[in-house]
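Chains: A, B, C and D, in written order; residue numbering restarts at 1 for each.
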């Protein structure tokens, strides 16, 4: 295939991916009304409208304005409103006040998205490799916000006594739990991090060698039924199982179960994307903090896996899996220059790595080297627990 | 006029007032979009949608449910969501989370209002005197929320860099300021509080005798131009002028001018209901706290009036006027039994009385005996300053 | 008696009062160790060492430095450390950090007091009338701090599991409670406030006429036994009895009884100045907030007295009595010029008046016109409840 | 040497070390008055008296009570007061209220220490190996509190306008700064952690293999002069250099220089253990947070070392050196059972490792494998900055 046609094919594939990601975001938003998209339920979360706008802002700011000659910025005021955290791009609206941005309306934001999409259709075929890489980044970014939309909408719905559902119908229910088995690994030299050709975030590399001690890792995640055993055995009242910070947080917040769980008449119920449901003992436990995951592991006489161990036995799946590794730079990592360099590197302190993706992640989004990260007390993401042990 | 016709006329007048008040609320809301009506900019404020719903709840809870046979509550879940503070009526949604009530939507709330209005049309002609008094109370309550809608929307708009306007067009501008004159009063025995036949809130009575020292009171309120003199003379930096709590608050909050004012290129601008405007030196200064009003009076060598003094020289007008009287019970005041008794009495501590109404108050709403009340640090109401002095 | 001898007698009486007050402060401090005098248990309270130093500072700053020729300030650094709130005198140490002033030591502060006392002995005989009035103020100020020492030490001791006692021995115990009787008053014109020759704080005047409605007022304060009835009748759980702010505070703080009370094995115990003691049902209830006092009165079907009513039937006594009057200026009150003018006037907002003195007040300190004032949520002073009612 | 004499010698060496450590603590305390030892300047810090008492409590609780027959606990109430964080031992006084423990006095705490010392003299010669290991732990614990006494006293003194000095005389001053050189390391397999016979804390082991990339590490720490260059180049105003959490903290706290620095007349001054001093440009910069250390490294085009790298080139020295490694378990680490197992393991989240000891650490206290740990925002320890780089 001659070079030009190769380039054309690559561009048309990229355009396809772009269209698909943009449409997927809007398909989620279409399940919500203007009011649902407006509210911000806590500073960690953002309004859905804000996600719609911020992802448009990303393409406009990093691709259209610098690279599409004659591109007209849709509204100059939006840069201030929808910049998330890029200091290099300028001042921005305070994060905790995103729910107060009532104008532009959701309808106007959708017009902005259409304006951006139309321009991106023209830009993508002309891009060089660096430009195409930025589109890849923008698409991955758009996909991350799709999962954030689900996280944030669920949190918002949890504040309502009406307990709305994001999706109609029933979630899949399992009828049994397979015994948990631990697969051994002999340790020794191993490779960690991303090194291939295909797209990855900067923080996934460089690929590098590590030396591992022998270890074993579970073949599945912890279930709700197993978590109920932990609760009933007094796990939330036994300080000895907990990290000191975790115990303090659990007391202050009154944690007695995962986020969104409540007990009614002796039965556990949980708010899910499908609405209020009895807790399925065979389903995987979700919405637990690092503190809870670590305490559960201590109770079970096990531990969480390190990120390096996890990458030797990746289990892509239905929930993000807490590791006992802090989110820090891989050896040799340097953030890129300029605003896009702020994407990942500046968060490398005080957070823990989660691996594997979740049922709320877009298909094909996560990889074995993908590094998700949250603070140890956070619980509103789709996080679960996979046990490991020394050999 | 025979008794029946009299009653009919009274009922039809009441119905007229009811219709008028309800329509006025919705006329204000019609200036806003669904997103504008959703957001809550601070715990003191409420979403406009919440105001629309709460005023419907008032008529449904205190009139339709107990008094209209066969009345069907529109949605049982709304009682919890839209009760403001009536402990006797049951549990309620946390005040600071009113902005998270995305469902029901504004459209659904308007359906509720129509449902309530239709039922009220049937109920009003059948009501006895006590029932009619409750409708009067509901109408006055509805009118209070009309002013709150304007206060809360302006505060919300102030958090947006887009500085939206609630009303189109220009506010009236004055071309000159008349000299401020002080009218003397000889003091002695005087009457305070409401004692007549017509409607008043319970906290306005009983009418009672007080003994006043001779005093003088200004014939107009302080203007923006006069306030700028205070600023330029260092009023916001002179601790000696301020109450201790006021000075502490001014330092913590960094007050340097009334709320909504900012300086740009040496000029004072202020956000108003008509959008962002240069401060008109001939207009009355607004959005000042009690602390600021008191400090201004000290700077001017005067004082604020007491409520009793003010009632001897009422100046109904464009801004609520801070008095130096705490909001406490008039002698002989007893709150009524039941939920409606919670309307005013339970707020009788730590707040100061304001008198006179404002340009945002519905026509005919306030009276000389009307007692508005706010905490001394609050500034988002349409509050102004009228000076007084010992004779 | 010739004029000179009169002046000499007045000076020697004043000197006697000065010596007595200074010695009384130190007699209290002598019951404590250096560590007890160092700690600050909350921002509202101060270390006892700070009280010792601040009262020395008052005499040094307002009398010795301006009026005693050749007076040498003991240590220039102390002005910053021990100014309480006088803005006119300059910057000061942050109130919440008074417990961090470990130097000067208590021993050094006592040296300062001796230095001040020695100089005051020389100054007092030479003072003119204005100077003598300032000494009177300083003595009254010293006496106020004697009561604060007891309040603050008790609060500090309440934070210790060792429950130390300030005084040895047993408090007086009553063996019965007389029935509470209400004395009627016909209302009409009455006089309020201080107007005499003898010393009073500026805020007690001017004496002025008020018009009162007929009322009745109890002949004694509420007892612990009566308060236990209130508790057992659910008084702390009945929102309808409480002011809205009070109810919110009671929930946040988990109030279920007066400050310092706790229940053990079905019995009520309270920490007192004499250590941990069973609650005496015949003794007067103490350490209640305005919110609690108001709720109790509502439960009892009564109300608190206004300050003006109280002054018609003063009951000087063992506990400060909450009134339902806000602490505001008497008609015609103007704070004096300069720093001493900051003594009382700048606190005239958001606080309530208490009358009558307490067992912790120095003998002869309070008067019928004396105006004590605290915020409605405060409880660490020796406050009690006297009921009143409309006639 | 026969076995018994060996044991005797070991016991007498241990006794010597015990006596030395205990005396050293008291020698520090002897520089302070009772008031200095009472105050707690922030929740992170403790009163010096508390350190004196807590280290006595450690020996009483973990050695004397369980192992010395007939030992009489000095005061049963002290267990509650002076337990730091051992959940297994029971309830404890709230950390933030340690400054309110005025009784026992410092004098009484010294009596307790003497009582404990006398009993330890009797116990040590009889101990088995496990018991002797606990004494080793207790001595190391005592030494840690000696450094904490210096940290906490300096912080307390920093809150005083009198700027007291802990030590008399002048600190050593350097007259020049040697150029910073970077020593290369080839990477590959390396050993990390403690594995020997001599005493180490549990968290220093197990010794284990890691694989390192080639790196280079500075031969000295960053000086005050170099830090001033960073300040003058706008380091505290350049968001791009900072971790996001660090930047937010720096804004909130208004950081513009290391803790205890201030600028006066163009000159930098700092409070030190020797009192207020001009900043010596040739001395090492101290009292910086991890956030600042990381930002400095970014500004210098370098990075901090990882803990594993650092152990290949230990530079024991005058300041604790921030690493870019989170404080987490070494592979194979398991905390011991019971209360002593809470010593280190339960803090393994959200903190960063510091290595190397400081001038405030007792001689011989730190080792290359020693793991100190603090939160990234903390600055009151004697922390400095050593740069590293990829090869």
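Everything that follows uses one rule, which is that a contact is a pair of C-beta atoms (placed from the backbone, for glycine too) under 8 Å apart; a residue touches a chain by one contact, two chains touch by 3 or more.
Predicted, not measured: the structure shown is a model, and the values here were computed from it.
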Distance-maximising chain from chain C - centres being C-alpha averages:
A
Averaging over Cα atoms per chain, report the distance between chain A and chain B in Å.
45
Gap in Å, rounded to a whole number, between the CA centres of chain C and chain B:
37
Rounded Å distance, chain B centre to chain D centre (Cα mean):
58
Can you give me every chain pair that touches, using the contact definition above?
A-B, A-D, B-C, C-D
Where on chain A does chain B make contact in their complex?
33-39, 41, 49, 77, 80-81, 93, 97, 99-103, 105-106, 156, 159-162, 164
Chain A-touching residues of chain D, taken from the complex the two chains share
85, 87-88, 189, 208-213, 239-240, 242-247, 290-291, 294, 303, 306, 324-326, 328-329, 331-332, 342, 346-350, 352, 376, 390
